[in-house]
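What follows is a set of structures to go through.
Next, two complexes with chain A in common: one pairs it with chain B, the other with chain C.
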Partner chain A sequence: MYGRRASRLLREITCCEPGQITAFNSDTFEQVCNECNEHHQQLLSLIKKIEDEQLDMETTRNEEHYGAVIHHLSLLRNKRCLMAYMYNRAEIIQSMRWKIGPVLPKEIHEKLNYSEEEYFKNHSTAIESYMSELDLDLTVDMIPPKDPYIQVRVLYDIGDVLLGDHSTSLKQNSVHSLRRTDAEKFISQGLMEEFVG
Partner chain B sequence: MASGSASEFDSALGGTNEFPWTNDDSNSLETTDIELLKKAWRNEKASPEILHFQSDLVQRAREQIQLLEGTMDEFEDNNTDDLLVSIYQMDLDRALFLVRSYLRIRIFKIEKFIAHISRSHLWNRLSDQERNFAKRCIDIMEKHLQQCVLSRLPNGYQSFFKQSVSSVEDDMIPEPQLDTFVFCKSKGAVGAFQLDDIGDEIVDLVADDLYVLRYKSIKALVESGQVDLV
Partner chain C sequence: MARYYDLDDIITEDEGTSVIFQVGANGVGLLDPSSENNNVEKGSKVDLPFWLAHELYLRKAVTINFPACFNQKIRKEIQADAACVDLKIQCPYFYEFGCKIIPLTGDKTLGSFLQYAFTSRYKEALSKSHGAGTSPKFLNRLTIEETHLFEAARCSMINLKKWRLGGCRLEKAAILGRKRKSV
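This part shows the complex of A and B:
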């Protein structure tokens, strides 16, 4: 059946948890692209038949005409599916810049195709240049602050750090109550996490 | 956000009152920048399409935040009471969050509906910086889809905006869903308001009552500021 493969691509997106990405399905993607070109070949040959019979393209309603329409519409459907597949993936990739940061972990990298990796990099640079034009970092402060102090757990040994007017020793696995503004830079570097007891 | 915090915001960002909690003048609630910013933020958050950028408001808020940051530094030098400092710090953090979140929501909308925004009247609603961002965004999105999909399709089917050359209008562009329902409240009595084109559905908008209506039908009221989204 025409268009079945393309719908399989989209099912992959909808079956996935929102915000998660599956590995780029290059096999099916290839097949759908080929299907598009086959449709086009068929379409052209049907049009040629109509022309050969010297019939008027606008008014002819014979079997060739309807065959051509079906190939045309199947092609459109395939195109929409391919575009939706890439577009939805691109949206997930965009959201990763906000959730994860400018560098993606390896397991996500492996799921992207070449162009998507490039897209992530370019998009990430676009966001960065917007933020530098504003002179404001928008990637911090994602949830509304409740308290000027937060509990944090240190994930890696950081050593002695001067916070405010006294120095604190930030050892691995120790829990501290820090000013949110002080803790934020360590959290974004992945050196500590918010401790929810 | 707790309603009690409103007066803290006022004093920190607008008023000169030394004790934030004594400033309980309800008249000032609607007029302080932080209230206006909160309103703009709520509207932006709840509306499906991007609204006008509040450039003056954002600039004023950022200037006031900077001032407050200066005050915080002075506090530290003067050894001011820790409790007072932390209350001011909280104020500052919340205000900063509002600004960031406001800008962020707009950027998310631009990312999502970039093609639609760049080809419609919505383009005028962006700030200069947002326009620069949007231009880059559409370039890289177009390049990406061109590379992966469009270049592989047959002639006549390669447009980013149209399904094929036989489409008259741009029919490949995702648009925001304006039919969606929103919660809204009107400040003053708007009176009888027509929800659809034919005039079958008329609603009497009373001040401070809460309504759930289609965004499309009250769009004009939101834009003119007569109705706030909540």
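This part shows the complex of A and C:
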């Protein structure tokens, strides 16, 4: 059936948990693109038939016309599916810049298509240049803070990090009191957790 | 075209609809498995996805048969005990698809039937979403639209509890996955 493959591509996105990204399915994507080309070829050959019979393109409503309409509609449908696939993934990729930061972990990086990597890089650069213009880090304090300092526990060895004007050694399982804005990015990357009690 | 990129909307339109061709169409034999040449004959009965059936209907190329998921049998089941009917197996996007099909069938009763089905099932879904455990059997009966509502209710309940108790407010980004890797 026409358009079946394209909708299978989209079902893949809806099946995984919201906000998660699936590996870019380049095989199916290619196949749908090829399907589009096939529809286009069929469409052209049907139109040619109408022209060969010297009929008026605009008013003719014969079998060829309806065949061409069906191919045209299938082409548009496939296009819509492909666009939606890219668009919905791009939304997630954008949100990753805000949640994880400018560097993506390897397991997510592997799931992206080449053009998506470029998109992420360019989006990231755009945000960074805007933030440096404002001289303000927009990605911190996404949740309104109650206190400028928080207690954190380090989950993985991070090593020596320059925070503010002095360097702190962030060893696994050590507990620190850090400025919230400094800790926030480590927490969202899963390297620290907020330490309560 | 407001929902051009909407995944749910696209998948809803994938729902099969049985139609009868009022015209012939050449070069599209794939649509009709019984066709011997590459054409669909006038008068043949074919299952088309809704997106195609709808457009062809607007061009007066096909007539649409009333979809089986809204037949009298289902209506009677809904009237008997709405909450117990497995609507997902009938059609995963029962309400959305219903709304899309109304203008094409001219059935005046379908709209009020959908509303009746939704309101009588909504109460049950809402009270269950706030309760502790829900059987997967119940969740499987919900349509996709109902599942979205169910999840929204459950999520807001969890957030409310979290807000009341206090505790961690900063969390690891959800996209990185919940599992903590062993070191």
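The rule we apply is simple: the second predicted complex is superposed on the first by the 156 of 197 C-alpha atoms of A that agree within 3 Å, B and C clash if a C-alpha of one lies under 4 Å from a C-alpha of the other, contacts with A are read in each partner's own complex, and residues count from 1 in each chain.
As a working rule, a contact is a pair of C-beta atoms (placed from the backbone, for glycine too) under 8 Å apart; a residue touches a chain by one contact, two chains touch by 3 or more.
Since this is a predicted model, take the numbers as computed values, not measurements.
Q: Once chain A from each complex is brought into register, does chain C clash with chain B or fit beside it?
A: fit
Q: Of the two partner chains, chain B (first) and chain C (second), which one does A:108 touch, if any: first, second, both, or neither?
A: A:108 contacts chain C only, not chain B.
Q: For A:7, select first, second, both or neither according to whether it touches chain B, chain C, the two together, or no partner.
A: In the superposition, A:7 touches chain C alone.
Q: Between chain B and chain C, point out the one touching more chain A residues.
A: Greater contact footprint in residues on chain A: C.
Q: Using the superposition on chain A described above, determine whether A:53 touches chain B (first), chain C (second), both, or neither.
A: It touches nothing on chain B or chain C.
Q: Quick check for you: in the superposed arrangement, does A:69 touch first (chain B), second (chain C), both or neither?
A: second
Q: Based on the superposed arrangement, let me know which partner A:80 touches: chain B (first), chain C (second), both, or neither?
A: In the superposed model, A:80 contacts both chain B and chain C.
Q: Between chain B and chain C, whom does A:160 touch in the aligned arrangement: first, second, both, or neither?
A: neither
Q: Touch check for A:94: first (chain B), second (chain C), both, or neither?
A: First partner only.
Q: Superposed on chain A, how close does chain B come to chain C by Cα atoms? Whole Å, please.
A: 6
Q: If I apply the document's touch criterion, which positions on chain A are contacted by chain B in one structure and by chain C in the other?
A: Looking at chain A, the two contact sets intersect at 80, 83, 87.
Q: Going by the contact rule at the top, pick out the chain A residues touching chain B in the complex.
A: Contacts found on chain A: 33, 36-37, 39-40, 72, 75-76, 79-80, 82-83, 86-87, 90-91, 94, 98, 113, 115-116, 118-119, 122-123, 126-127, 129-130, 133-134, 136-138, 140-141, 144-145, 147-149, 179-181.
Q: Quick one: in the complex, what on chain A touches chain C?
A: Interface residues on the chain A side: 1-3, 7, 10-11, 13-14, 19-21, 42, 45-46, 49, 61, 63-64, 66-71, 73-74, 77, 80-81, 83-84, 87-88, 92, 95-96, 99-100, 105, 108, 143, 146, 150, 155-156, 172, 183-184, 187-190, 193-194, 196.
Q: Using the touch definition from the top, list the residues of chain C that touch chain A in their complex.
A: Within the complex, chain C touches chain A at residues 4-8, 10-11, 14, 23-28, 30-31, 39, 49, 51-52, 55-56, 59, 61, 167-177, 180, 183.
Q: Can you name the residues of chain B that touch chain A in the complex?
A: My answer: residues 1, 62, 86, 89-90, 93-94, 96-97, 99-101, 103-104, 107, 111-112, 129-130, 132-133, 136-137, 140-141, 143-145, 147-149, 152-155, 157, 163-164, 166, 172, 174.
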